[in-house]
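See the structures that follow.
The following pair of complexes shares a single chain, chain A, combined with chain B in the former and chain C in the latter.
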Partner chain A sequence: MLFLQLLLNGLQTGAIYALTAAGFALIFGATKIFHVAHGTAFTIAGYVFLFAWGAGWPSWLGVLASIAAAMVFGIVMERLVYRPIQRHEGSFFTVFVAAFGVSIVVQNIIGMIAGRGFATVDTPLSFSAEILPEIFVAPMLWISLATAGVLFVALTLFLTRHPAGVALRALAQNPDLIRTYGLSSNGLSVLAFAIGSALAAPAAIVTAMTTGLNEAIGHHVMLISIAATIVGGIGSLRGAALAGMMLGIAESLALTVVDTQWAEAVSFLVLFGFIIFRPAGIFGVTQTR
Partner chain B sequence: MTAFLINLATLAAISGILASTLNFIVGYAGIFSVAHAVFFGLGAYGGAQVALLLVPNPFLACLVAAVIAGGLSLCLALPALRVRGEYFVAASLGLQMVAATLFAELKPLTGGIGGLVGIPRPEILGTIVPVLPLALAALALILWATARLQRGTFGRTLQSIRDADSAAESLGKNVNAAKTLAVVFACAGAGVAGALYALHLSFINVESFTLDQSIQIMAMVIIGGAGTLWGPLVGAVLLLSLPAVISFIPFIPPTEVGAVQQIIYGTAMTLLMIFRPAGLLGDMSKGKSTA
Partner chain C sequence: MAASTGGLNRSRPTTAHAIEATGLSAGFGGREVLQDVSLTLKAGEILCMIGHNGAGKSTLLRVLFGLHRPSTGGMRVFGETPSNYTPAALGAAGVALVPEGRGVFPDLTVEEIFGLALWSAGVPKSGQRERIDEVLDVLPRIKEFRGRRAGTLSGGQQQMVSIGRALLTRPRALLLDEPSIGLAPKLFQDLIRPIAALRESRGMAILLVEQNVREAFAVSDRVLVMRSGKFIFEGAPSELDDHAKLMELF
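Now for the complex of A and B:
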C-alpha cells in the first residue's frame, strides 16, 4: 500500500517535472541556449500566483497573470541577455554564467520582498481524501495530471500542425535553412522562449498549491529540468517529458529505501549514470560533444 | 580591527587558492566545473579529522586533504573525459548536489548538519601558529606552479585541448591523461584550501560546501578573468570585501546584507558576460575562446 501511495505522489511530482522539463527542452532544442534561468521563470510564476491569491483575485486571473509573468520573463531574458551575448559569439559558458547571475538576483529580490521560507496557497483542492484503504489522494493529483496531459497534447499538435510550430522544429534542425526560407530566426526564438517559459507556470501553480514555494526553489527546478532533458535525450520533447515523469516517480519510490533528504540525490545519480554510460539519453541521437 | 583584517586576509588567501585552482581547469583546460566546493569540503573534512583524531599538524592535514580531494577528483575527471560543454556542467552540478547530501548525512565522518566543532589550532613543533602565513605560502606555491605549468608543455597541451581537442589528439597529445592530471591538480589544491579553512575557523559544516559556494568561486574566476594568472585573485578579493563594504552602507538593514551582496554579484556576473565576457583582467581578443 505504501508503494501505491508513493507511486501516486510520484505521478504528481512527475507531472510538474515533465512540464518544466518540456519547456526547457523546447527552448534548448530550438535555440541551443542552455537556459539555466528556466527555474527562475518557475519561481516568478509561482510567486505571482501567490500574490494574486493573497490579494483576493479570482483564481483564473491569477493563473493568467502567472503565465504572463513567466512569458515576459522568458522574452526579456532572450532579448536583453542571450541575444547580446550571442551577437559577439559568446560560448555556452558565457551564456550559463549570465543566466545564473540573473537567477541569483531574482532569487534574492523575491526573498527580500516575499520573505524567506516556504509559502503555500491554501485550497480545498489539496486536501487528501481516502480513496482506497490507506491510500490518500487530493484532487490536485488529477488536476495536475490532466493539465500536464492536455498541455502536452496541445504542444504536440502545435509543433506538428501549426506553421509556427513546424518552423520551430525546423529552427531546431537547421537555423541557416530557416533564414533561406525567409523566416525570422529571431522571432522564432522569442516564440520558443515564450512558450517554453509559459509551460513552467502551471507547474509552479500546482507546486504553490501542494508542497509550497520558497525563493530558492528555482535552483531545484532548473536542475531537474536539465537532468530530465539530458536523460530524455537532447532535442526530444517527448523524451524530456517522459524523463521528468520518471525522475518524479523515482524520487518518490526511492523513499521506500532511503530517507526524504536523499530524494534529490536519486535524480542526480540517474543523471550521472546517463552522462557516463549513455550521454545521448533515452531518445537522443548520439552526438559528439 | 587587526583581528578583523587578519581574518579577512586569511579568508581571502583561502579563496584565492580556490579561485586559482578552479581557474586552472576552467581557464586553461576548458573544463567548466561547478563542483569545486565538493573538493574544498572533502579537504576540509579530511584535514579536520586529522587534526581532531591524530595531531593538529597543518602540513599533515594539508597532505591528507590533498590526497583525499585529489583521489576523489576522479569522480569529476570521469565525466570530463566522456562529455564536454553543457553535458559536463550538468554532470558537475549533479556531483555537487549528491556530495552536499552526503556531507549532510554521513554523520560519523562529517558531523552531519551540525558539522565538526572544536578543531584544534594548528601546531608546528609544539607551538601554535596562525593560519595566515600557511595560507599565503600555499597560495604563492599554487600561483607559482600555475605560472610554470601554463608556460610549459603541460599548459600548452591543456590550452590546445580547450581550443580543439581532436587537433591536440591528432598531434599525439594524450588528451585523457592531460585532462585527468589537470583535474587532480586543481582538486588537490582545493583540498588544501579546505584543510586550511577548517584549521582557521575551528568549525566547519555543510553550509560552506554547497552549490552556492561553488558558484561564488566560479564568480571569482569569471569576474576576475578566466585564463589569466592574477584575475581569479582579484575576483576573490573583490567578492570577499563586498560584504564588508556593504555593511558600512548605512541604509541597508543588517539582515539584508547577504541578499544585497548576492544581488550585486549576480548583476556583476550578468553584465560582465554581456559587455566584457573575458572578465576584468582578461584579454578581450582571446576571451571569446576562453570564457
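Now for the complex of A and C:
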C-alpha cells in the first residue's frame, strides 16, 4: 500500500516536472538558449497566483495572471538579456551567468515582498480523502495529471498542425534557413519563450496548492527541467515530458529506501545513469546545428 | 500551368526591370566581398551569374533578398524601393530565393514545408490549394513524395521541394543559388527546364547562379561573370562559347 501511495504522490510531482521540463525543452530546442532562469518563471507564476488568491481574485483570473506573468518574464529575458548577448556573440558561459544572476535577483525581490519561507494556497482541492484502505488522494492529483496531459496534447497539436508550431520546429533545425522563408527568427524565438514559460505556470499553481512555494524553489525546478531534458533526449519534447514524469515518480518511490532529504538526489542519480549508459537519452534526436 | 499568367499579381505596376541594384558593397568581418556592384535583372529574362568559389555570387543573392545588409548601395524591385531590406518585405515585393544547398528542413514533411511557406507569405487557407496545384503542375513529381520527411528525400527531390516552396509565393523574380549542386546533369535539366519555362508563361525573371555552365547557358538570355566581388563580363551566352575565353575569365 505504501508503494501505491508513493506512486500516486510521484505521479503528481511528475506532472509538475513534465510541464516545466517540456517548457524548458521547447525553449532550448527551438532557440538553443540554455534558459537557466526557466525556474524563475515558475517562481514568479506561483507567487502571482498566491497574490491573486490572497487578494480574493476569482481563481480563473489568478490562473490567467499567473500565465501572463510567466510569459512576460520569458519574453523579457529573451529580448533584454539573451538577444543582446547573442548580438554580441556572447558565449554560453555569458548566457548562463546572466540568467543565473537574474534568477538570484528575482529570488531576493520575491523574498523581500512576500517574505521568506513556504507559502501555500489553502483549498479543499488539496485535502486528501481515503479512496482505498490506507491510500489517500487529493483532487489535485487528478487535476494536475489532467492539466499536464491536456497541455502536452495541445502543445503537440500546435507543433504539428499549426504553421507557427511547425515554424518553431523549423527554427530548431535551421535558424538561418527560416529567414529564407520570409520568417523572423527573432519573432519565433519570442514565441518559444512565451509558450515555454507559460507551461511553467500551471505547474507552479499546482505546487502552490499542494506542497507550497518558497522564493528559492525555482532553482530546484530548473535543475529538474535540465535533468529531464537530458534524460528525455535533447531535442525531444515528449522525451522531456516523459522523463519529468519518470523523475517525479523516482523521487517519490525512493522514499521507500532513503530519507526525504535524499529524494531529490535520486533525480540526479537517474541523470548520471543516463549520461553513462544512454547519453542520447530516451528519445535522443540528432542535432542539425 | 493551367493558367499561363496565374502567378502574376496583375494589380502591381509593370516595369521593364525586375531588380535594379546600384553600387552594392557588402562584406563579412571587415573583408569586402562585394565591391560597388550594380546589376539589372530585366522582367522575364534569365540572367546567369558565374564565377569561381568566393567571387561573391552567393553574397550578392543574399543581399538582394535582404539576408545580408549592404554597407553601401540600394535597389529597386519592379520599379519601387522596398519598404525595408528584409526577406519578408522583399518577398512581399515579389522576390524569392532558393538558397545554396538544400533549402529544406530535414525533419519536416514536404506538406509541412509548403504549409510553412504559404503561411509566411500570408496566403489564406482558401487560396492555398490553388497555389499548391500550380506548383505541382510545374513540378509534378513532388506528388510522389508529398507526405515524406524532406531529410529522407534524394538530393534532386529536395531541390525540387526547395524550388517548389519558393514558387508557392508566386515570385516575379526568382533567385536560384547553384541549384545543380550534387545533381546529375540530366536531373538538373529536368529541374531547370520547367522553371525556365515560367519566364514564358508568367513573365518571371530568374537570376541563376551556377557552376554547371553548359546547362545554365542553354536556358539563359544573358551572362554575368563575377571575380573578386566585381563583374568582369556581361554579354550573351554565345559570346562565351569559346572555351578559351571562358577559362580566361574564370
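Following the convention adopted for this analysis, the second predicted complex is superposed on the first by the 284 of 289 C-alpha atoms of A that agree within 3 Å, B and C clash if a C-alpha of one lies under 4 Å from a C-alpha of the other, contacts with A are read in each partner's own complex, and residues count from 1 in each chain.
The definition used in the following text is that contacts are C-beta pairs under 8 Å (C-beta built on N, C-alpha and C of every residue); 3 or more make two chains touch, one makes a residue touch a chain.
Nothing here was measured: the structure is a model prediction, and the numbers come from that model.
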| item | value |
| --- | --- |
| Comparing the two partners chain B and chain C, which touches a greater set of residues in chain A | B |
| Touched partner set for A:272, first chain B, second chain C, both or neither | first |
| Partner chain(s) touched by A:102 [first = chain B, second = chain C, both, neither] | first |
| Contacts of A:169 with chain B and chain C, given as first, second, both or neither | second |
| Chain B versus chain C as contact partner of A:118, first or second or both or neither | neither |
| Touched partner set for A:184, first chain B, second chain C, both or neither | second |
| Chain B versus chain C as contact partner of A:142, first or second or both or neither | neither |
| Doubly contacted chain A residues - partners chain C and chain B | none |
| Chain A-facing residues of chain B, complex | 32, 78-79, 82-87, 89-91, 93-95, 97-98, 101-102, 104-105, 211, 215, 218-219, 222, 256, 259-260, 262-263, 265-271, 273-274, 277, 288-289, 291 |
| Touching residues on chain A, where the partner in the complex is chain C | 163-164, 166-167, 169-170, 173-174, 177, 179-184, 288 |
| Chain B partner contacts - residues on chain A that touch it in the complex | 34, 81, 84-85, 88-105, 107-109, 111-112, 219, 223, 226-227, 230, 261-262, 264-265, 268-269, 271-272, 275-276, 279, 289 |
| Interface residues, chain C side, partner chain A - complex | 65, 67, 87-88, 91-92, 97, 99, 103, 105-108, 112, 115-121, 165, 169 |
